[in-house]
Each structure stands twice: as C-alpha cells, then as structure tokens.
Amino acid sequence: MAEALTVRQLAAAIEAQARGALTLELRGNPDEPIDRVAPLESAGPGALSFLSNPRYRRAALESGASAIVMAAEDADALQAGGARGTLLVCVNPYAAFAYAAQSLAPVEVLQGGVASAAHVAPSARIDPTARIDVAAIVEADAVVEPGARIGAGAYLGPGAHIGARTRLHAGARVMAGCRVGADCILHGGAVIGADGFGFAPFEGRWVKIPQTGRVVIGDDVEVGANTTIDRGTMGDTVIEDGVKLDNQIQIGHNCRIGAHSVIAGCVGIAGSTTIGKGCQLGGAAMILGHLRIADGCVISSGTLVSRSINERGFYTGFFPFMKNRDWERNAAVLRQLDELRDRVRQLETRLKERPDMPHAARDDS
Amino acid sequence: MAEALTVRQLAAAIEAQARGALTLELRGNPDEPIDRVAPLESAGPGALSFLSNPRYRRAALESGASAIVMAAEDADALQAGGARGTLLVCVNPYAAFAYAAQSLAPVEVLQGGVASAAHVAPSARIDPTARIDVAAIVEADAVVEPGARIGAGAYLGPGAHIGARTRLHAGARVMAGCRVGADCILHGGAVIGADGFGFAPFEGRWVKIPQTGRVVIGDDVEVGANTTIDRGTMGDTVIEDGVKLDNQIQIGHNCRIGAHSVIAGCVGIAGSTTIGKGCQLGGAAMILGHLRIADGCVISSGTLVSRSINERGFYTGFFPFMKNRDWERNAAVLRQLDELRDRVRQLETRLKERPDMPHAARDDS
Amino acid sequence: MAEALTVRQLAAAIEAQARGALTLELRGNPDEPIDRVAPLESAGPGALSFLSNPRYRRAALESGASAIVMAAEDADALQAGGARGTLLVCVNPYAAFAYAAQSLAPVEVLQGGVASAAHVAPSARIDPTARIDVAAIVEADAVVEPGARIGAGAYLGPGAHIGARTRLHAGARVMAGCRVGADCILHGGAVIGADGFGFAPFEGRWVKIPQTGRVVIGDDVEVGANTTIDRGTMGDTVIEDGVKLDNQIQIGHNCRIGAHSVIAGCVGIAGSTTIGKGCQLGGAAMILGHLRIADGCVISSGTLVSRSINERGFYTGFFPFMKNRDWERNAAVLRQLDELRDRVRQLETRLKERPDMPHAARDDS
C-alpha cells in the first residue's frame, strides 16, 4: 500500500492526472487521510469510495469510507439526508475514482537493466532505463525503449519493437518484426504476431500463404491474458491508440481496431475486418471477416455480426435463454418459422376473400 | 503402466480411495490380474472396463475385458445372459472406475528439490519435498508447500502461494500475490491473476482502474490449459473447493465460483458474477457480469445468460442449427417476428369482430 | 525479402511446387522482375498480385503490380479492356499466388544444433540438422527429427516426438508422449496434450479420471496460437494430415479431426467427437461431444452443432443480429413462440369451423 494522502492532496493528484479536465470540490475535512480505495460496502477508515449511480445513495450513507467521490446532485442529496463524511464532488466521479486508485496504488520502482538469467541477443538495443526480467528472451535486433519492462519469461522476436514505459507481463510474446507503442500493457500468454490463417484450396489440400505482414500496436493499449493478434498477410494488422482488449480474444490478420475501442473477453474478429473508433464489443461477440463496423458502435455480448454496420448504434443478436423445456418447445417452432409465416399469410388471404370481413391494416409481407 | 493388481486388490483400493462411501461386490475370479483400464470395445485381457448405461449391456457381453464394474441390475442381466467374466458390482460404477483408473495409473514419484536451471528468488520458501522443475521461475516471497510441483517453465509471481501436492504443468502461471490451495492441478498456459478488465470512460479514452485484488483458489481445483482467471479489482476473485475448469475459459475479476461446480471449455464469465455451488456450465456458455446463478444450475452449451437465475434448474438458449437454406428462410422471419405477432393479433381481432365466429380461448397478449 | 525472380522463373517455381498440377501461361514480358507479392490496390513495381474474382477486374486494370496471376477469362477481358501489364494465366490463380508467395518469402536457413541456453535432457534424441532455440526445454526421451525447429522457450514433454521439418514457434508446448508429424507448424502458446476433462460425479464431488492417452498429429498440420488439444482419456486424440487449426481453438479428448479439414478461430469441439475429412468450421462454432460430422460439411460461424450430421452440406444456426430495440421486441416474441403457434392453430380451427370459409391448403402441424 502507498503512503496515505490527505483528501486535499488526493484531489490535487486526481486533477493533475486528468490534466485539468476534472475539477474536484471538497466538502468536509480536507485533512482526512486516505490510503486506499474500496467499494462502498466494505470501505472503512482510510478508504476512498465512489458513488456513480443514485441507486446506491443509501449504501453511500451507510458506508464506512473516510471519503466518497460523487456528483454534485448526489452530494446534495446525501448531505440533505444527514451524511457527515468527507465528500469529493466532481462531474465524472468514476474517472476521478480511477485516477485516485492510480494515485494510491503501490508505485513500482523500475530498476533498469538485464537480469542475469535473461537471454538477450547481442544486436538487441535495450535502453538502460528499461528492465529485462529473469528468463526473458530478446532476439536479434529487437528494440526496448526507456522505462519499458519485459517480464519474466516474456519473448521478443527478432526486430520486435517495444515502446517507452510499456510492460510485458510474464510470458507475453511479441513475434518477429511486430511493434508495440508506448505505455502499453501486455498480459501473460498474449501472442502478438502469430501467422494469420491464410490458405488457398488446391487439390483437396490447403496451400499456406506466407504471412509476411506485422502487427502494429499504438500507444496506451492493453492486451489481455492469452489474447492473440495475428500478423497481416501482406500489410499489417493495426491496433490503434487507446484500445483495450480483454482476455482470450482473437484478432485475425489485417484487421484494424479503431482508437479507444474496448473489446471484452472471448471476442473473435475474423480477418480483414475494420472496427471503428470508440466501439464497444461485449464478451464473446463474433465479427466475421472483411467487414466494416462504424465508429461508436456498441455490440452486445454473444452477438455474431455477419454484415458491415454503417451506422453508429446498439446492435444485438443472441438467443434469449430460458428454462430448457421452454427452449425445446420454442426451438421446435423456430425450426419451422417460415411455415408459420405462410400459415398466417393463408389466414389473411382467406379472410380477405370474404368481403364482409374487415381488412388488415398492414399486410406488406 | 503400473504393476498389475488382482481384482480383489483393486476392489480394496477403490474402497479405500472412496473412504468407505463405495462398497464393491465381487462376482467371478477374485485373482484375475488387472493392469489397466480400457473402454468396453477395445478392452482385452488385463483390462478393467465399466458399464454405467444399460444400453451398452451387449457391448459388455462381447467385451474382452478381464473385469467390468457395473450396477447390480446390469450384472444380474448380464449373468442371466451368459456373461462369464469377472464382475465388480457397485452402486456408482463410473466413480468406481475413476478410482480404479487412479489406482492403476503410473505413480509419479516426486523427487523434491530445485532443478539446477530453475530460477528461484532467495526469499521464496520452497518446502524440501516440493519440486521446482527446469526453467521454472519463482519470484520473491513466493511459497511452495510440501509435495507440490512447479513444472518446467512455470511461473510464480512475487508472494504467490501454492498449496500442498498442487501441480503446475509446464508453462502455467500464477501472478503476484495469488493463492492456490492443496491438491490442485493447473495446466499449461493457464494464467491466474492477470489484471481484471476495469476502465473508467473519460474524455473519449479509458482510464485504467488498478487491479489490486487477488485470485484465491481453494483445494482440489483443476484449471485447464490456457484458461485465464483475473484478479479482483479491490477484493478477490474466488474459486471455491473442488471446482473443475476446462480449457480456454475466461473468468473475470471479482467472480466467485461455488464449490464443486464444473465448467466446460470456452466458457466466459464476466466480472463480479457469482456462480452457485454444484453448477454445470456447458461449453462456450457466456455469463454476463454482476449476476448471481443459484446453486445446482445446469446451463446448456452455447447459452448466453443475461439475467440472474434464482432457481435451480436446467436453462438453455442457443439457436438450433439447420441446413443453411432453412436457416436463411427462418432467420428472415425471425427478424420480423414482432410483426408476425401483430398480424396474428389482427387476425384475432377481425375474427372477434364477427359475432358469428367462435372465439379464441386464449388471447392474453 | 528474397532475391527477385523473373516472371518466367517464378512461373517455373510455382509449377514445381504444385508438382505438375498447375500450368501457367505467360502473357507479356517474361523477364519482368518480381520480388514480392502484394494486394492489387497497394502493389507497385516488382510486385505480383492476383485476381480470383471477376468483380475486381477494374482494380486489376488500375493496379501498379508488375504482374498479376488470374484465370484465362479474366485475362481475356482485361486485355480486351486495355491491360498492358504481364499476366500469368492459370486455372487456380489463388493457389498459384500462394505458391508464388512461398517462392518469394525469405528463406529461413536453419542452422542445426542446440542453443547454449536450451535445456535438453541427456536421453532426448535430437537430429543434428534440427535446431533447439534458446530457453527451449526438451525432456527425457523426446525425439526431434531432421530439420525440425523447437523455438525459444518452447516445451517438449518426456517422450514427445516431433517430425521432420516441423516448427514449434516460441512458447508452443507438446506434452508427454504426444506425437507431431512432419512439416507441421505449431504457433506460440499452443498446448498439445493437456489432460482431457474427465470426472465422475460422486458424493457431490468430481473424481478425476486419469487421462492416459495421447495426442497424435499427422503431417502438414498447422496449429494456431493458444489453441489447445487435449490428450485422450484412454485412446488418443487424433488430428489427421493436412488439418489447419486457427488460434484459440479447443479440441477435447478423444476427438478425431479428419484430413484436410480447416477450423477457424475460437471453435470448441467437445470430447469424443469425430469431424470428417475436408470439413470447414467457421469461427466460434461449437460442436458438442460424442457426435459425428460427415465428410465435407461446412458449418457457419457461431453455429452450435448439437446432433450428429450424417449428410454433407452447409449448416447454420446463429441468431441474426439487428438493432438492439428490434432484437428486444423479437426476442420477447421468441420467448413465447410456441404460444404464437398455438394462436395460429386456433385461428385455423375457427376458420375451419365455418364451412363457408375457404380452407387452408396446408395445416400439417
């Protein structure tokens, strides 16, 4: 745990990290010491908590937190309701909380240098302020920029390039020639730059198309554990700045993921698809190949996207779950849905043939 | 292969492993030697096989197995049908078979100690009866309890704790501060304790919320190859005793998986979800975040669970597969299912408006 | 980049690799130098491109490629349209392009031997022409055949067998006793031979069934990054010749994947399922256990196959995606689809009861 800060110091730290984009108003004791963050329910003395949803005002009232960050209207309501703790008021309490958590997290002091049991090729260029941990492997001509850390047993292929302050956790791998920008985090087991899946069918077999492109990752990108990103066939696979990828994701060759898009676990994106900027893909969504998804799209978990999406919006397509016996009945009808539609059409036709029956207002299908 | 046991010895070994909860009745030659287990169809002399489904009685009659474990009613039927082999009779033949297979599996004699090419920090505490294999990495303050084995190239982060007799296969990773109980098995490529996926949106970017909790795994847990379990944001992610996780599973931060639940491959569980005890999740099921699934639930493969389940039961939700041309027709109707329902309502209305028509018994929608 | 070839030399190289199964006709300058492959849009001088779909004839006309491989009818049309570049004409331009790309890819000269920092057990048998890279681990009695390459940090368990010219990329793992044929490629993080997922339920717990079979992989197989293939419970899990597996795939114990089948990323195949020869499984398809899929089946992405498929064909089963509000309306109806069918039946019945109404032609449900 880091040393405690006063609420006033913490507010200043948050504002500094947000580079002026957040302003905090302090209500209560500015000297209250804070040494950690905690959820409302489990917070005790020394903890900062946050309230971002008015539904949890009661939990905030009852919380043991030394301070809580929240929006002005929540603060007003809580104080009207008798809250006595220290409040930090801000238009984006969740972001403020994130910055507070960063300020209070233990600071890792990086000691530059190469661990004695690391394997670094003579032609690799390692900045003296970067750290290569035990059993890490850095192949020929790889470059590691200032302040980066290549974790235990991690791997950099020939010519791989790792930007400043980027962290590879134990066992992350960046294959030959791939580039990772600055301030990125790659978690254990991630594989950046395996071959794309490209084969030409020929005489009942599959002829491999050499995958000679790269993966190019921008700045401030996070790649989850055991996530895989394939290198391009000829051009590159590109992950733009600020993208956040969860665990167990697969991104095919020649995809482009737009800046600041966020992709939850178990998602698959087939080759040559472009995801716009600022998209959000729910867990286990599957995006087919050679598609374009517009900027700002939200795709629900478990949704398979089979066509390009040209319009920003919220898209969904999964089978709602139900009791198995209900599913069995519904699935049986679903298998003959076109027939059910035909039967409705027939009924409509038969009623139309009776001039004394009122007509349907809509029969456009 | 282990040395052969007689059927009598094997029965005693099974009963011992089941700690008195299984009793075996022996019909036939108690001195029949058994040195392995095999399926009914491929079993030959020396093999023990099992019958747990009466449908396979014929296969049992025709099997070349030296002995077969089965329920009493199956044994009676087989003997009435002329079976001459040695039978082991038991109320739970499949469990007895599992214990038999354990008794007959090659015994791995663990030689305690640290391989010369392993990387163990001076402050790590390794029990002398534990084994650290070649190229394994054990960071500062990690603890390895008696009889545990850290496989080749496996990784223990700073302060990680591995319980007695637990086995990490080659390349399994337990990150900083995480705890694994006794008698667990972690397969290759598993990553325990990568960061949870937590970010606050702010000014079009995503601000990382430091993930400072742990993963805490109970006793007798198995974690499949390349499965990932994220550490908690503030509290812990908890896997209770006896849980079995298959390969390629993703478990998000702050989840809790109840004791003796079993989860098949490719499942994803988003953050802060609690799975009850004794649940069974089919392959590629997806459970959204912040949900609670009651004890004893069975979720079919491929089912996306989007709401909490409060009642024990069997739940399903996947699109039934069909020939592609049928799917195309049905999917087209499905896209306008609400309109089809409206048309049915209209028909019902029009018929109601005709007093001479018999009324529908049910029109509650 | 490899040295440049003339178009004539390249055509000869393609024909040689296709072993006479492809013939190329050359139209234009046979001495045009080619040093790489590129897509039509980005190709410039020195690049070979391909046209396999008449829709892209305009892109071919406008391409800066020095040569383009295409079918005769496309070449005729392009020349009629004024194309002046060098054309390679062939019945299967995409396969020709794949072979061209192989001919032009940088040749990796494999220097046999064991890197000084590799870990090779004394009893392992490494052919002198094979290469064991830095930090790779080769356990007792493993065998590595001529020309194979075991990449940095890769792992071969005791008794594992790697065929000639097979390549394990950094961090691929082949567990004890498993066999990989010749000319295979295993990408980083792949785990071949973790335990199958087999447990017997007993007294509220799960008793492990030892997994004592192997994984046996044929020749010319590719296994993607972080893909997992489990060993058989008693018999073997088998991947036949020429199979191509993408990333993040899970194949359960005792499966058999038929020769030259191709499986896209994120697919799961549960235990004891047999996939026929020449099948194509789309991304994130899920095949349940103990099934048989006929030769030559095509399964769409995202489809869950819950029954055996006995007939070659094209099968699909995923929920079509739509705007979320449309999905919500349709999903609500879907949950009561059986009731909607009942209402249609009632309407049909009521109309039938009126002898003056025309009868539906089909009411067979």
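Every chain is named by a letter (A, B and C) in the order it is written, and numbering of its residues begins at 1.
Criterion: contacts are C-beta pairs under 8 Å (C-beta built on N, C-alpha and C of every residue); 3 or more make two chains touch, one makes a residue touch a chain.
Everything numeric in this text was worked out from a predicted model, so none of it was measured.
Peer 1: For this assembly, give the contact graph shape among line, ring, star, complete and other.
Peer 2: complete
Peer 1: I'd like the angle of the rotation relating chain A and chain B after CA superposition, in degrees, nearest 5.
Peer 2: Copies differ by a rotation of 120 degrees.
Peer 1: Check the residue numbers that chain B and chain C use where they touch, and answer same if over half are used by both copies, otherwise different.
Peer 2: Shared-number fraction below one half, so different.
Peer 1: Distance from the CA centroid of chain B to that of chain C, rounded to the nearest Å?
Peer 2: 27
Peer 1: Would you mind listing the residues of chain B that make contact with two or more other chains?
Peer 2: 135, 153, 171, 189, 226, 248, 266, 284, 318-320, 322, 334, 336-337, 340, 344, 347, 351
Peer 1: What does chain C use to touch chain A in their complex?
Peer 2: Against chain A, the touching part of chain C is residues 18, 21-22, 37-39, 42, 92, 94-95, 97-99, 101-102, 105-106, 117, 134-135, 152-153, 169-171, 185, 187-189, 220, 222, 224-226, 242, 244, 246-248, 260, 262, 264-266, 278, 283-284, 301-302, 318-325, 327-328, 331, 334-338, 340-341, 344, 347-348, 351, 357-363, 365.
Peer 1: Contact residues on chain B for chain A in the complex?
Peer 2: Residues in contact with chain A: 119, 135, 137, 139, 153, 155, 157, 171, 173, 175, 189, 191, 194-195, 197, 199-210, 212, 226, 228, 230, 234-235, 248, 250, 252, 266, 268, 270, 284, 286, 288, 298-300, 303-306, 313-320, 322, 326, 329-330, 332-334, 336-337, 339-340, 342-344, 346-347, 350-351, 353-354.
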